[in-house]
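In what comes next, chain A is part of two complexes: it sits with chain B in the first one and with chain C in the second one.
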Partner chain A sequence: MKCVRCRAKPETYLRAHNAAFCRPCYLEHFRRQVERAIRRERMLAPTDRVLVAISGGKDSLALWDVLVHLGYATTGLYLAQGIGEYSARSRTLVESFAAARSLPLTVVDLAQEEGGLDIPTVAGLTRRSPCAACGTLKRHHFDRAARAGGYDVLATGHNLDDEAARLFGNVLHWQRDHLARQRPVLEASAAGFVRKVKPLYLLSEYETATYAFMRGIEYVVEECPNSTGATQLLYKNLLNRLEAESPGTKGTFLREFLRSGQPAFAAVDERAAGTCERCDQPSFGRVCSYCALVNEVERKRPGRHVGEAS
Partner chain B sequence: MKCVRCRAKPETYLRAHNAAFCRPCYLEHFRRQVERAIRRERMLAPTDRVLVAISGGKDSLALWDVLVHLGYATTGLYLAQGIGEYSARSRTLVESFAAARSLPLTVVDLAQEEGGLDIPTVAGLTRRSPCAACGTLKRHHFDRAARAGGYDVLATGHNLDDEAARLFGNVLHWQRDHLARQRPVLEASAAGFVRKVKPLYLLSEYETATYAFMRGIEYVVEECPNSTGATQLLYKNLLNRLEAESPGTKGTFLREFLRSGQPAFAAVDERAAGTCERCDQPSFGRVCSYCALVNEVERKRPGRHVGEAS
Partner chain C sequence: MLRDLGVLPGTAMVIRGDLLLLDTEMVEDEDEIEVRAVISGGA
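Up next, the complex of A and B:
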């Protein structure tokens, strides 16, 4: 087997595409895939100021690397969530990555800046799973940081495996509103949500890991310690079994959804975002999910309010 | 643990419902579930003449047994498909079942009555999988037999596992037209499709097997020999893993689809059945899938036409 582009000795083989690549051609191929997704879905304009959400994992760092390579004006955004050793290590890696390349990085420390609302605190005080709390906190801080910094768009490193697993979960429960809004581009809303894009949405976990490895990017390899037993991982496993049986299944599942399924849900779901009664930020409910979380924490932790100096 | 209805010693436990039953209460429970599905979905009227498609497996025989018990006027329809020992054994069991209860049974022998178009012949002469050929032949003969006998409705034994696996396959490929028409009741169409109902659609494979066992029904236990490696079985396995992890998943998947997903697809898919150019029977395409199959067989088997005396 030879590299499909230059016939050199290959270093990786993509089963879903039945194609092998040498290192330089793979890097080129990967970047082109990202570039094409950005162009096809009109994710970014050349003059956009892009905030890139960086977790310290392979996907977000690979994305940042590619966006810089493609010439976009990017700033990294790291959320310090207070998940012990895992958060400490990911923060170090992210800061080194940015420093080595002289890239601007914004760090939001949940424990310091948000009345102590980090993941362990929230999960300890409420009945939410750490993953649910994490999702709510992330969405809130991503929007807030993007608005505060005047960014045009927020980019996240969600890959094909993430998106397929999320779709799988949404489909198992037929969450029509979630299905209507699962797209690689979410436009900014009048209510104040920032524009969000996922340039890696058609690239598999294996592809982003290969890119990060070939680029010598140091990233957190371990899964978040809270994710053990998470249903998301079960869904990924099941989809991997289908993919092994029939390579390309995951890609077809997501692409055909976007082509055929999602528009059907969008056609019947016209729910527009309103404004949260409590914080005036955009929300699909009366109170946004972040304020609902804060309410719950405050009920359990009397005498200290979120936002007050600690 | 005791029977949830009478507190007697239980014989079976349903994990998805977290309930145990003794034999008489289970049989009563099962029949009530069928009765409720029939009423809720308006599947059958008391005066309907019901044709019941019988394969010889647990589901179809359990269904026939329940429908007779509930007082419906039923006739069994058995399709002899020519799949060696498997077909021979299932035919014997179906004929014994009907004879022992003095129930009317119609047998259609594909090899004899249809110019030799049984499953091995079709699968051998075309590029279709036996399962695809079987589906096409079944649909054709079910409609034909129901019309020929003047039946009001055709009932099939599809259970929750069948319907969930079928839904899973439709979802993996986002087949919007299939998704729009996956319902437990398909009304008769002006084009000539007979009314079709699936009274067991919310009862699991385990539940129908338990019913058949408790009723002492002899049925073909083996899977069809052609189904080895069928994707349908893979989907069932994956759904069983999800069900083991979180009991009730399969039921939620199907019920929420019917409540929330399917109407979205039906709203955007208004395709009505037309008439097949070749046989004048109902069809969604120019030529119905049965005639497309026949065409393919005739091209491969020159000199002998389907329908001619053999």
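Up next, the complex of A and C:
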């Protein structure tokens, strides 16, 4: 087996592409894939100010590394979620990554928000799973930080496995509104929402992990302790079983959905964002999901009573 | 080795020192190998 580009001894082999690469050629290949996705989907303009959501995992740090390499003006955004040693470790790695490359980084500490919205507190006081609470808080703070900093776009490290698993779940439950909006680019549908892009959406977790390893990026290898038994992991496992039997299945599943399925769902999607009566930000309900969460936490916080001013 | 460990292809990197190993490469008894999962996720 030889590197498909330079015929040198390869270090990695991508089954879905039936292609092996040496390290320099793989790094070049990966960056080109990201660049092509950005160009094809018109994700970023050269002058855009890009806020990059950084978790400390392989995907977000690899994405940040590539965007910097491609010359984009980026700032990292890290949400400190208060998940014990896991969050402490991820924050240290993110801050080290940014400092070593002199990259700007914004940190939002959820424990300092609205009297304390760290994940253990929120999950403990509400009926939401930690993952559901985390998703709601992330979406809110991504938009808020992007607005506050005047950024043009928010980039996230969602990869092919994330998107294929999400598609699988949306199809299993026929979530038509979710299917209508599952795109690598989510336009700002209302004032207050920021444009969101996923430049890694066609690159697998194996590919992003390989890139991060080859670049010497230190990332959080340990899984979030709250993700044990998460549905998304079940879907990923099922899709990886299919992929093992038929390499390329995940990519085909997602690409063909985006080409032929998603436009059909989008054509009949009539949901339009209104305004949250609590925070005046865009919302598909009377109050947005973030304010509903905060309201519930405030009601149930020890020592607080319904109707008490915050 | 990955098959024996029940690891699906494409779900883990095999690392020896500062290099990745291909599925086809042989490892020696004295080699120190890290099998690092690449799958992450929640929700």
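Following the convention adopted for this analysis, the second predicted complex is superposed on the first by the 298 of 310 C-alpha atoms of A that agree within 3 Å, B and C clash if a C-alpha of one lies under 4 Å from a C-alpha of the other, contacts with A are read in each partner's own complex, and residues count from 1 in each chain.
Please note the rule applied: a residue touches a chain if its C-beta (ideal position, glycine included) is under 8 Å from a C-beta of that chain, and two chains touch if they have at least 3 such contacts.
No experiment lies behind these values; they were computed from the predicted model shown.
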item: Partner chain(s) touched by A:226 [first = chain B, second = chain C, both, neither]; value: second
item: Which of chain B and chain C A:209 touches, first, second, both or neither; value: second
item: Partner chain in contact with A:96 - chain B first, chain C second, else both or neither; value: neither
item: Touched chain A residues, chain B compared with chain C; value: C
item: Contacts of A:162 with chain B and chain C, given as first, second, both or neither; value: second
item: Touching partner for A:249 - first (chain B), second (chain C), both, neither; value: first
item: Touched partner set for A:134, first chain B, second chain C, both or neither; value: second
item: Chain B versus chain C as contact partner of A:18, first or second or both or neither; value: neither
item: First (chain B), second (chain C), both or neither touched by A:10; value: second
item: Partner chain(s) touched by A:236 [first = chain B, second = chain C, both, neither]; value: second
item: Residues of chain A contacting chain B in one complex and chain C in the other; value: 231, 241
item: Touch list for chain A against partner chain C, complex; value: 1, 10-13, 15-16, 20, 57-59, 130-132, 134-135, 161-162, 165, 204-206, 208-210, 213-214, 221, 223-224, 226-227, 230-233, 236-237, 240-241, 243-244, 247
item: Chain C residues touching chain A - in the complex, by the definition given at the top; value: 8-11, 13, 15, 19-20, 22-24, 36-43
item: Chain B to chain A touching residues, read off their complex; value: 171-174, 176, 231, 234, 238, 241-242, 245-246, 249, 252-253, 256-257, 259-261, 263-265, 267-269
